[in-house]
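Below is a structure I'd like to ask you about.
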Amino acid sequence: MRIRVINPNTTAAMTALIGESARSVAAPDTVIEAVNPQMGPASIESHYDEALSVPGLLAEIARGEAEGVDGYVIACFGDPGLDAARELARGPVIGIAEAGMQYASHLGRRFSVVTTLARTAGRAWELAERYGMERFCANVHACEIPVLELEDPKARKVIADACREAVAADDSDAVVLGCAGMADLCEFLTAEVGVPVVDGVAAATLTVQSLVTMKLRKSGRGEFAAPLPKKYVGLLADFGIEEKEAQA
Amino acid sequence: MRIRVINPNTTAAMTALIGESARSVAAPDTVIEAVNPQMGPASIESHYDEALSVPGLLAEIARGEAEGVDGYVIACFGDPGLDAARELARGPVIGIAEAGMQYASHLGRRFSVVTTLARTAGRAWELAERYGMERFCANVHACEIPVLELEDPKARKVIADACREAVAADDSDAVVLGCAGMADLCEFLTAEVGVPVVDGVAAATLTVQSLVTMKLRKSGRGEFAAPLPKKYVGLLADFGIEEKEAQA
Amino acid sequence: MRIRVINPNTTAAMTALIGESARSVAAPDTVIEAVNPQMGPASIESHYDEALSVPGLLAEIARGEAEGVDGYVIACFGDPGLDAARELARGPVIGIAEAGMQYASHLGRRFSVVTTLARTAGRAWELAERYGMERFCANVHACEIPVLELEDPKARKVIADACREAVAADDSDAVVLGCAGMADLCEFLTAEVGVPVVDGVAAATLTVQSLVTMKLRKSGRGEFAAPLPKKYVGLLADFGIEEKEAQA
Amino acid sequence: MRIRVINPNTTAAMTALIGESARSVAAPDTVIEAVNPQMGPASIESHYDEALSVPGLLAEIARGEAEGVDGYVIACFGDPGLDAARELARGPVIGIAEAGMQYASHLGRRFSVVTTLARTAGRAWELAERYGMERFCANVHACEIPVLELEDPKARKVIADACREAVAADDSDAVVLGCAGMADLCEFLTAEVGVPVVDGVAAATLTVQSLVTMKLRKSGRGEFAAPLPKKYVGLLADFGIEEKEAQA
Amino acid sequence: MRIRVINPNTTAAMTALIGESARSVAAPDTVIEAVNPQMGPASIESHYDEALSVPGLLAEIARGEAEGVDGYVIACFGDPGLDAARELARGPVIGIAEAGMQYASHLGRRFSVVTTLARTAGRAWELAERYGMERFCANVHACEIPVLELEDPKARKVIADACREAVAADDSDAVVLGCAGMADLCEFLTAEVGVPVVDGVAAATLTVQSLVTMKLRKSGRGEFAAPLPKKYVGLLADFGIEEKEAQA
Amino acid sequence: MRIRVINPNTTAAMTALIGESARSVAAPDTVIEAVNPQMGPASIESHYDEALSVPGLLAEIARGEAEGVDGYVIACFGDPGLDAARELARGPVIGIAEAGMQYASHLGRRFSVVTTLARTAGRAWELAERYGMERFCANVHACEIPVLELEDPKARKVIADACREAVAADDSDAVVLGCAGMADLCEFLTAEVGVPVVDGVAAATLTVQSLVTMKLRKSGRGEFAAPLPKKYVGLLADFGIEEKEAQA
């Protein structure tokens, strides 16, 4: 089984870290391919960045489809382009907010999300609602560390403090990490905070692996059928879908 | 006052039609500038098309900001890129689903949406929820006419029939047209169907005009502050925001 | 176009102030007629006052209909009698809570309401729910200034403080003023508080103007059809609707 | 214990019928006083009628308070004036929609409402939401018999048919009668329809009796405290509350 | 009329106290039979205890049915086994959380629940949602006194303090006591706290009495029809329902 | 890794079938132990059966804990005893409704549930709400085949028809099988119906396996901490938890 884990930003160091997290939980015979787009933002910290990460992400899905990949993880907590990716892919596509929140829902009455910048909290709430996880989400907390500074050695302590304060304020049973760039902190934080801390990258990887194992894939008709053939122009001309592709 | 009405697809005929609808309701001293992106899909009929219409749309917003435009309409019923556009623009940005549904909410207990292809209904429901309009939205109905065939003379009758059936099935007090390409049918349909039929292009234009008149614009801080400076690479390199731009 | 802005209480000074707010945003060819009922409470600060403001308000609507008025604003934040007024009027009737909250929903993720007495907060929440605005309403705050003391020079500072505290507590993107008597403070408060402050009187006036411009009016059938002919007795005998009136 | 059951319309025959229903379930030592206002509509079939029934209803509450009444039933399925009445009364005030729906919620998973005219269904849904009963309310059905024709011998069959069809369409466990004027049909309909049929007049009477027995009455502070002293003018001048009354 | 009030734990002292509360409000001709199961936990303070209280509770219902009891109260704030009991009983079965919350909903905009241990708060919220009372429930507060120590003379003060703090924090109009073992504190707490304090045992007793008075009982078909005949084995073999019983 | 899959009814043939389904998806090094209780109902088709299946189920969990089992599946679509089981177990416990619905939520906009008897639909809706899956659940359909007759060769066709009708009526993207006894029909039905058909047993097994792989287990404090030590009497005396056990 081949699972492509797509970091939708263009920072290779983060792609590597995300790949590690996915590999640490995947089954021995599951091949994890961690990639990032060839175009787009170095990190995703606004609706603007998120919107503009999507063309590159979709190019990776298209490439994966051509190469026979079985399923995909979108490894950014805004789950950018999820619906479009599901139209494009034949196999499952799972976002890390989607999987992280669902796994946390099994661990108690409610969870806290701890994310990077406060300005991304609105999107996290939107996703919680979309996935039916709003009732489990006690609150979304920011540690105000930019995505590309998460690797700074001082960041660990700030994040641990944010988690601890979140759990105390929300009386929550678990923490969901609100950024793929925190994936390597999971074990450290669980020990520090005293409640389970969920990394969405691992969770999404296992959800994809499970869906592929169960041979569950979309029906091919309706809302998530392949995109219709369509002429595209300008910079994005190559994204247009030819009549014959669509029939394939 | 200058309002830029952006048709997010690249079909100029539809842009012209949309401009007409906006002009027909705008105040005498409001200048309506109807534009469409230089890149992207010829029509928007899937999540994929919608996602890939956004870069071109955002380029239009950026150009508008440079030119001192006062506010923007996003003239596609999926309201693509709305959040990103709001970060980028200083003045108001309104989607036609947003405005169309809100205007219809003033006309009775509930409305029906009549859209093009059934596969877009999921997105319409998502937006209804987002705008708090779910409680007013009785149902979303499709007439199964592709966007670029709306101008076909036979389309009018099919759409009128769909509206009539929707109102009967939902016992609804109004119809919201689910595509900017139907903007010119509004008067015809109101007469045919016997309940008010709302064109989101006109509604959004008037909402922008009203917000500008009231001098209401976002605060500049928080979730919808300008996007952070960020390096972008590849095809979309020009979308990156320089440190100094961000400070401006 | 003639828009009648009805202050549902009987205090003429407040009616004048409300008229000013409406006129400040209306189009040059829109005539604003600010009126108040001939009967009822001097101010509205309870469910009791609100209920008893309605007969006088409906009398004004009936008078407006006889005089060919195009649309109406109900200029009290409890939106009293809105449904009954919509039955009676042929053109649009908009409440200031309805319009104020909807305009604020375009300005960010969530707004705070700042109202007069805390005992009116329950009604504000009820309306937020009714209009689908509950998801945008962070909280309702009271400044505890009675309606008829809003003009006191000291009130401005108290209200500004309440707005500032509301925005800080709610991390909100806008403030909606919870009383028509605050309409003249809008610009002052926006400057003081640093987020957009929305006056429902102006917002509702522009919504009515827009609906009339778009020729959108209720269908004439169903829940909001004209009230049925009915015999009324006692003090309110004149409110009864004759068979022949109903047919007109 | 004295319970005043107020029919908010001015039709004495209906008041008598409502009184019978209340008396048929009240405890032996509970005195039921069925009254109707001296002013207002002969029947309530629109938002307009409902709004204008309230002054007369509130006059009855005020009279009841002067006479030491222990609690009140508002015997119209729109529960008109409930909040205002609760401010005015020291003891409990219960609406028949409120009590009817809550009793029905004990009888199964969901109930159907069967009401008079379809145009009143919107209000029934609004109340279901307000009381938290929306989740139990399968649907609201109309038999299209005007309130004052419910006594017509042919009405019984039409209503029974509407109940039967409602239960079949909704697969519901109970029926709530949507008009006080149907109170005498309860036993007949239960036998005809095969599921329990709930009369809100009886239910509300027993709820008031229970609250008085438990000595439960509002706290006297907050939203439902007595209305503030206030000057009223015109036809409704007598409804104004004097400073000294308010202190009493 | 015979109402059986079932304390689902096996502590006889608490059963006696619960019986007193029920008797204090029941009509003179209503016989209150307070009982507790012959098996199960001494008190209910976890989901585990609650689940295991149900077999004994159902045995009491079965015994009551054999003896012609008219209706039942489940006197534990988790309302354990309510659905199963409703299948088994011909007459009404009401839980004390259900009735307590519904009575409190008549007393103002919102109530606070004050319960024993914090770990039971999740269940209280779940029930609030189930009964449609979530919108009235401001919050659930714990006094952290175990059920079997409620009779300790020091407990009264701790509970009164918890109620007072709850009302202040929630700005609530009433308190619902979150444990049947607090039933005797109702009058004391109402006096101490200044808002009405609702005992669910009394409320549920009166609800059952009212339903029996109105002759309202489930329809006999659908979800709450009698359990199907079924073979049971092991310790619980006697709970199996024979074919012929089911037909009776 | 050892996962115990508990069939909460006492029918061994069904336990075997459930074990097969779990084994068919589990990783090679995951040991699946399919068991059923020693007491309780032969099948679960009512709230009564469900409530009485719980003691036997909890005994299996207790036995599993003593034997070092890593996680548990509750293999009945009512997810009986889930909260109590989570208190008792150190590792994850997942219900098949919970997992089946969550997996289906990844496959499109909405799913249909196809269950055995119509009387169980209410419980399925309750669980959908609890897990946040209500928004994905289009409807719950019954095939009216009793649980113990699912193995009848004729059942397959009836179920396939019910699935096909459900998908057509709901325009849904997937089917969730509403009974563990249908687990072996999954592949057959997917082929017949043309949309993915989800077996909750496999889904729950993989969810448990994933949670154990990620080392995610409840925090040990709060609502799902181990049950408190407590004296139990009668038939269920052995379920009481000793002081020293609780400390262990």
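Chains here go by letter, A, B, C, D, E and F, matching the order in which they are written, and residues are numbered from 1 within each.
Note that contacts are C-beta pairs under 8 Å (C-beta built on N, C-alpha and C of every residue); 3 or more make two chains touch, one makes a residue touch a chain.
According to UniProt, the chain labels map to these proteins: A, B, C, D, E, F = Hydantoin racemase.
Source: prediction; values computed, not measured.
Engineer: Farthest chain from chain C (Hydantoin racemase), going by the mean of C-alpha atoms per chain?
Structural biologist: When every chain centre is compared against chain C (Hydantoin racemase), the largest gap points to F.
Engineer: So, comparing C-alpha centroids, which chain is the farthest one from chain D (Hydantoin racemase)?
Structural biologist: So the chain farthest away from chain D (Hydantoin racemase) turns out to be A.
Engineer: Could you tell me the distance, in whole angstrom, between the mean C-alpha positions of chain D (Hydantoin racemase) and chain E (Hydantoin racemase)?
Structural biologist: Going by mean C-alpha positions, chain D (Hydantoin racemase) sits 28 Å from chain E (Hydantoin racemase).
Engineer: For chain B (Hydantoin racemase) and chain E (Hydantoin racemase), what's the span in angstrom between their mean Cα positions?
Structural biologist: Roughly 53 Å separates the two chain centres.
Engineer: Rounded to a whole Å, what is the gap between the Cα centroids of chain C (Hydantoin racemase) and chain E (Hydantoin racemase)?
Structural biologist: 45
Engineer: On chain C (Hydantoin racemase), where are the residues touching two or more other chains?
Structural biologist: Residues 109, 122, 171, 222-224 of chain C (Hydantoin racemase) touch two or more partner chains.
Engineer: Which of the residues in chain A (Hydantoin racemase) end up touching chain B (Hydantoin racemase) in this complex?
Structural biologist: 10, 37-43, 45-52, 54-56, 58, 81, 83-84, 86-88, 118-123, 126, 129-130, 146, 222-225, 227-228, 230-237, 239-241
Engineer: Within the complex, which stretch of chain D (Hydantoin racemase) touches chain E (Hydantoin racemase)?
Structural biologist: Against chain E (Hydantoin racemase), chain D (Hydantoin racemase) makes touches at 25, 27, 92, 94, 98, 102-103, 105-109, 131-136, 171, 173-174, 187, 190, 194-196, 198-199, 202-203, 206-207, 209-211, 213-219, 221-224.
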